[in-house]
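Please find the structures below.
In the two complexes that follow, chain A is the common piece, with chain B as its partner first and chain C second.
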Partner chain A sequence: MSRGSPRGSFAGIAIALIAAVLVTVVMLVIGSRTPQAAIRAFFFGPFSNTYYLGNMINGFTVLVLTGLGAALAFRAGVFNLGGEGQVYIAAVVTAVTANAVTHASAPVGIALALTAGVLAAAMTAGLSGLFRFLWDTDELITSFLIASASIPIIDYMIVGPLNDPASNLLTTPRIPEALRLLRILPPSRLHIGIIAALAVAALAYFLLFHTVRGYEWRLTGLNIEFARYGGINTGMYILVPMAISGALHGLAGSFHVLGTHHAALVGFSAGLGWNGLAVALIGRSHPLGVLPAAMVFAYLQSGSRTAILHTEFTFELATIIQAVVFFIITAQHLPSIAPRFTRRIGARLGIRSNNGGDS
Partner chain B sequence: MSAHENNRPIAELREITKRFPENNVWANRNASLTIRAGEIQALVGENGAGKSTIMHVLSGALQPDSGQILYRGLPTRFEHPRDAIESGIIMVHQHPQFVPELQVWENLVLGIEPRGRFGAIDRSAAIKRIAELAARYRIPINPNQRVEHLASSRLHLAAILGALLRDPQILILDEPTAPCNEHEVELLFALLRSLAADGRALILITHKLREVFSIADRVTVMRHGAAVAERLIAETDVRELASLMIGEDCQMDDEDLRLLQADLDHERDVPGAPGTGRLAGAGAAGAGAAGPGAAGARAADAAGEVDGTGSATGHRSAAHSPAGGAANSAANSAANSATAGAPLFSIRNVSLYEGHFPLLSDVSLSVRAGTIVGITGIRENGLEHLEDVISGSTIPDSGEAVIGDKHITEFSPRRFRRLGVAYVPTDRLIRGASMDSSVQENLILLRRKRLQKRGVLDRKRLEGFSSELKERFGIAASLKQPLRRLSGGNIQKVILSRELSIGARVVIFSEPSWGLDFRSRQFVYHEIRRLRDEGTAVILISADIDEVLSLSDEIAVMFKGRIATVLRTEQRTREKIGEYMLGLEKQEREQ
Partner chain C sequence: MIVNSLGIMAPILIAGLGGLLSERAGVLNISLEGLMLTGAFTAIVVTASTGSILLGATAAVIAGAALALVFSIISIDLGSNIFITGLGINLLAQGAIPFISNQMFGTKGVLRFAEMPILPRLELAFEFRVPLVHDFLFGHHIGVYLSILLTALTWFLLYRTGFGLRLRSVGSNPEALRLRGLTPEHYKRIAIVLSGVGAGLGGALLALRLGVYLPNITSGRGWIALVTIYLGYRRPGGVLIAAFVFAFAETVSMAAQGVVALPNTVLLSLPYVLTVIAMVVYSAVRHSGARRHYSR
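Take a look at the complex of A and B:
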């Protein structure tokens, strides 16, 4: 059975990486008055101490979860563009729950807070799946719209009713110490959520490529007409993958509160959903491809951060570097990704390939 | 336009070799081919013989590993189909691609739009040019029609019209007659003849030897990637071509011989001497075809058929003709069905509308165990809608299905599947298979629930199951290969083996032999008969009269969304079916 391995020639990947490094160096030389220091900070900064290293790995955790969330939806042929909102919703629900269950024992409290957050996100994304199932609305649009609408509402909640009066930051109150996840590599923020993220990746791989449901899942994504013809309940493989995609984004959000920041900061999820989509694309929607893709992304983010902190390198330039590297790496995969996307986008514009059905 | 040895060669392919490294297949091995202006050259060979590949090389879609193309005497390289088109070499593919929502003219001028003021597309000039060409070559295509409203059989005509806009010197057609009924085939052939008369070179890739003899001036046989023989059509016959295609290394079994014999019989049925007479006769029919006498031309064809059969009754022994063979088996199954009792599958009073327009009107049909019910008709008379309904894909506006003893009004493929209905669809690339999945993933679709333990797929059993199917059905591919890389015949074998793997009580076949070569077709027919003999209820939807005649015990003929008649053994002739296909009122005009 084909496992849809995240293949692609090693030479191609190497060329893409070398090109990415060269572009980054050029950008650093152009954009910094102390290019040597900037280059050092960018490339070696993430490894210079446990704080940076741990935070990079923690960033990796988040990207793995959101990347898997996006990838699992892609595999079923559905698009979840609302990841950012789902992460945010889960974070707030987790924070509120954690602060409400102070009398529970630590394991129960953590489980409750986590479940609440994940469920909230799963339901938000599942709603788009349900709409598609019931009324054939486009989940790509509805997931995006629902997320876009919920973000300002949550902003308001964090700034308003849920705000921590004891803090100067725009944040919810910090959760009880008992409910905070165990930290690895202090003083960094890396926590044991990383183990969960890796386990989820392994589980997703097993689900997709070794189970009947995974087979039906992928088949629905590859050719929904064929899946229907084979007697697969295709409606379920729209709804469930959306909900699971939301759940994984939710897990990222809950971990942010329970492990990373111990509170939901206003706007912290900005860009997280999109980065997840990027990671899924680079990883070819393969659970095991998502891991290295998330690693590269986390390294880039962390390198930019150290470069910004240690030199007068600007945030904008760091963003440009990330975008360019993303471009180069995806271009390498474009021939394999493009057909599916153009087909999908084409379908939205009403353009079908001619053998799509007898007229 | 008859062929002469001294027709001017316009292109030469020399020692073309093309290997596909992904599956290590030598699609072409030192294949050499000469193309002459003013000729219709047929390219025949079994599936995978390399016909399409060498034409893709000529038309710039593929780059050969070695070998040379001489075009107008000069060595040429086409890096891209665009280069070939600019030089006047155009290939019309097996499944022409259009943007369905756009009108015909918009599709056809893509890339060569006539420009008006301010660089805007000059719509009226474009339409005028297309309409002129269509009128000149009698191509019944309206440039203002939207492509999605074109019958699938007209897509090739539209594609040829598009090619003509670019004034090709070499026009390559890949299986253009697959979706056509007989009338449309004549229309197409008349067009090809007038194009050849212009001095263009035409290449026709086909599986149907009968077409070769009615249209081609010259035929090239390909086998295992090389061109093994070239013959003037007047100097060869079906037997020689068939043996060239199959090669001496292959043993022909009885079934093969029977089909060959049937083909030969059919050739003798055509009135007139072989060679010139055949061409002249076909030419006459073609000339009438494009005009209002189209139905007449088809009727004349049918009449010729009757004459031929009449004069040939002597040598048409039951043992050798397909219809005779079917009559035998029909007699057997008539005996079966007397004891078989209730039908296994039926639909009752099914109607389907598009707005107020009836696509299917009050269609009822039932199939008993051990019988094959053929459904035929001219395309666009409801065959495809009936296929959608009886496979559960479309819910009809009224009527019900009865499968076993279950009455169903909420049709869905899932329910039909659960009640033991297998289905080999017309549309293989979308509905019948997942082209991006591996052979194995396509094979296990209907058995996925049995090859698991607590939801986990059992790899060993998966592999055992699929290698068994692969072996039994002779699928020439590895199990891991994506289906996209397989030839049409092998894809159909994958679909067939999957559908037959579940021991279904009811099997629906729709156009099961489209695009298949001689032996694959034989294989499919053999399997269909085997199913019937094992007591399966078989429904065969096909626009190919010969196919339906040779396989079915009962034949339902569709006309304008209704079942015009159901013919049983004794009343069946090609002619009779043809009359019902065209609607009975046209029968009178014929006399």
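Take a look at the complex of A and C:
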């Protein structure tokens, strides 16, 4: 990761954000018959009541966990492209466990269900790490293939043997009330998992940057040959980061069941893995960089949702906005292009720019 | 079964070859899925309105190349992260196609047109006596032959031309190229556009074989095409074998639907399971071979 000057990268992120907002406004104006209402719903909707606000923060929780999962793998130089499947596996395992341990006391039951889900996801991702460790099989591909293979099987289980006959939705039965995580900001779905997500981010930062193992972890990611030459057991830093990446995706999946929906819905994890990767890359694979990246992303998602609910704005247009934001949010050359561009426009409009500087 | 496999293989192979070119130039193009989807949509719309498969396929190639050009401008000129840009291209295709389809035809769903020409097949005019050989060589749609031809062409381009040499050195040693006074970015851009050409054509074949456009018609084939690049050890011949392995696995799982008492949704995972097993076994065998070599 190149740090650059903090001021420069801050300007870069600020310009990218401004550009993203401008593009969003343009899209809302083009795509909606009531542009003013759509813009209002998009930008202010997420803050208009506790329901939207809470759900936005809950979306943030998921993005922090999946983003951290992806970022920690990146830091060790491994790719986990199976996040979506790992979230899904953890959710189903958690739902099944929670419904099986009805006689346990609440803390024990929650701990069991959470551990089972996280372990299942860690093992799924760890399998790809193990293959890489044993036989040098590319973990980028096996993690993707294993996830792609497991998704239809889980789909089948939720629709078939595990289906809740009492529900109209394609979902597992709802978990016992005693095992549901405490909600914050009702009626929204925000739950105390947010605290865990923030704690995990802080912990990841500490482990990565203030411990010897974290140093070895990063060194393996920067240059595996050099790390091996320096006596680091690099095999460990392939296997363990993959498993931990899976565990964090698993935590997101378990929280979905224990806190958000109280059941595993069919196909709920679609796109979660990719979003996690995007958050990790936007946050420059830094545990603390993931937090603002996840915040922007969560805001964007809930803005689209409120705009769709309240205006004629469509899901497709929201997808296009997300695509365009992806294009510019990591643009490194934008800070050098944007001033030139605005100067040119300024010159055409006959306005003299004061902060042009060098020209 | 092999006949079916080759038909399934062709679109994956062509998209994989395109992806191989950008991969060799050091660009992991994860937008193959979106580029294929764009190709499929364009091919059906243009073929239906002109009545010509050739025009439809050409338009699909142009559309794929144009979207890939956008990819290259954003990743190279704006300096955006290649992976995120690729995800963005996929999202753009997923969002823009239903939007355009809705504006043009009033539906975001299946596009079925009357009098859709079908993809021609290569049949022999005379009787050919050896049945197995006959089945293997003839009776496929033209895309199959095209995909084999393009494999050879890609090999020639990469290993027998100066352009291919420079393209490969962009991926392996861009500084050397810069020292020789050439700009790596230029080659990267061409490679990305070529991957759009391949993915666009692959998507066109996928849709023209069915004669309809379905939402999410690619259903992960762009990702599989990406996998074949690595599974084939980044060589055109390897991509061919990998694409065939996947297509064969898919044919097996389709044939299994009538025989095995497994639910259809579970069978959807079979191609991935078989591919990952093939990959792991292959690397394990290779690895133990390498170890024996060392110990000698």
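In this text, the second predicted complex is superposed on the first by the 323 of 359 C-alpha atoms of A that agree within 3 Å, B and C clash if a C-alpha of one lies under 4 Å from a C-alpha of the other, contacts with A are read in each partner's own complex, and residues count from 1 in each chain.
The working rule: a contact is a pair of C-beta atoms (placed from the backbone, for glycine too) under 8 Å apart; a residue touches a chain by one contact, two chains touch by 3 or more.
Just so it is clear, the structure is predicted and the values come from calculations on it, not from any experiment.
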{"item": "Touching partner for A:Y215 - first (chain B), second (chain C), both, neither", "value": "first"}
{"item": "Which of chain B and chain C A:L134 touches, first, second, both or neither", "value": "second"}
{"item": "Touched partner set for A:I282, first chain B, second chain C, both or neither", "value": "second"}
{"item": "Touched partner set for A:N233, first chain B, second chain C, both or neither", "value": "first"}
{"item": "Partner chain in contact with A:V266 - chain B first, chain C second, else both or neither", "value": "neither"}
{"item": "Chain A residues touched - chain C or chain B, whichever exceeds", "value": "C"}
{"item": "Touched partner set for A:I89, first chain B, second chain C, both or neither", "value": "neither"}
{"item": "First (chain B), second (chain C), both or neither touched by A:N223", "value": "first"}
{"item": "Interfacial residue positions of chain C with respect to chain A in the complex", "value": "74, 77-81, 83-85, 87-92, 94-96, 98-99, 102, 108, 220, 223, 227, 230-231, 263, 265-269, 272-273, 275-276, 279-280, 283-284, 286-287"}
{"item": "In the complex with chain C, residue positions of chain A that touch it", "value": "131, 134-138, 140-142, 144-146, 148-153, 155-156, 159-160, 274, 277-278, 281-282, 314-320, 322-334, 337"}
{"item": "Contact set on chain B toward chain A in their complex", "value": "95-101, 147-152, 155, 384, 391, 393, 413-414, 416-418, 423, 425-427, 429-438, 440-441, 444-446, 448-449, 452, 455-457, 459, 462, 480, 482"}
{"item": "Sites on chain A touched by chain B in the complex", "value": "1-2, 210-213, 215-216, 218-219, 222-223, 225-233, 350-359"}
